[in-house]
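Order of writing sets the labels: A, B, C and D. Residues in every chain begin at 1.
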């Protein structure tokens, strides 16, 4: 199936500073959930926008054929780690159409809070 | 009314491993909420994508005329149960236009956390 | 401004059975958040779909000019109250374009959980 | 990149009345997350709709080039602060295409609850 979009955006990124509970299940995190429905690898590049400095990227992400991949923003290191407790946005550009969902797990309080939303398809 | 879409996608699936509280209200779960506004039955097929193995499906789902149906991913068994604590994506294909919303209830901590988002319409 | 859509859908309705904490702020509820940007009243009709019975409606809703209105599904009584702890979907039809967001507050556990998503525009 | 939309809407605004925990991380709030991918400043104007009074605005917001900005509705004062515990909607109008996400943090109970959704693009 050739379905999906090539550019996806979220503008409400913010990795919580603190975590409560066992790692990695209860680690506070922002997560990008990427689906590649193609029968071949797809290369994705991520650009991170900040409030008071220039955008950083591209962060290269490889998606295996016919598969999903969850990427924790906390784990991105190349070209530069994303600081905690900092507002950011992410623009996902893919060479072929894919799907992107954005999820946050926040355990900075005593409990777990979370949200998820489909990212916004910007190339329609 | 002939409204809706025939292909819907979510890419951030993950059934939490643990649950706290009474079943079935407080069982951790991923849920697909399907609406059929047609005056006749509609057949839906679900395909599940994983990180490191081939997609599994189709999972057949029958929607009664003029009705809603909530399907817990936890309860899908044919052709194969979806493992807990595993990242997955779901592609919903329907022979007629329908609506799909995706909800997670997570009681793996001491409290209940939840999110819901409309799935992404992929055939527009 | 004449912006918005005339048909909006959510398919994951379910008013939680129990509530904890003071009413009405902590009452478990499903809420429809409607925005009318027109300089005149707008009439909206709501249809509720269930799992195992015929759809019920229309529920008439009047939107004052240039204003927002939040309707708790819990409070709908005409033509028929929506039972608690029951899966349902809602189709919102408006004579003029409006905006619809769907929110749930769930205090059935000891804590508050919530989600919100823009409803799905079905007339595009 | 010239991607994005010029009008974005959320209809389910409501700043919670109470907060628990340290400020500003745990302050109950509604937040608008705006992304400007242009290599120049972008001017945005916000209009707030209420249930029982005329819309208030415009609230002017300046977006720095190539950057994200999170605006707490709690902090808007000009032309008029947004009262707490009051239903409202927000229409965001931008001179150039941008992206808008809407997030609520609610610590009015003992725990933190939250949701986030992409705002609705009204100029498509």
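Assume a contact is a pair of C-beta atoms (placed from the backbone, for glycine too) under 8 Å apart; a residue touches a chain by one contact, two chains touch by 3 or more.
Just so it is clear, the model here is predicted, and its values are computed rather than measured.
Asks: For the sequence-identical pair subunit B and subunit C, determine the rotation angle of the Cα superposition and round it to the nearest 5 degrees.
Replies: C-alpha superposition angle, subunit B on subunit C: 90 degrees.
Asks: Where among A-C, B-D or A-B does the B-C interface show up again, with more than half of the contact pairs the same?
Replies: Equivalent chain pair to B-C in A-C, B-D or A-B: A-B.
Asks: With chain centres taken as the means of their Cα atoms, state the distance from subunit C to subunit D in Å.
Replies: Comparing mean C-alpha positions, subunit D is 21 Å from subunit C.
Asks: List, in ascending order, every residue of subunit A touching at least 2 other chains.
Replies: 111, 113-115, 117-118, 124
Asks: Touching residues of subunit D toward subunit B in the complex: what are they?
Replies: 111, 115, 117
Asks: Applying the document's contact rule, which stretches of subunit A touch subunit B when the two form their complex?
Replies: 1, 3-4, 21, 25-26, 31, 33-35, 37, 64, 66-70, 99-103, 107, 111-118, 121, 124
Asks: Help me check something: in the complex, which residues belonging to subunit D touch subunit C?
Replies: 7, 9-14, 17, 49-52, 54-55, 85, 87-89, 91, 104, 106, 108-111, 113-115, 117-120, 122-124
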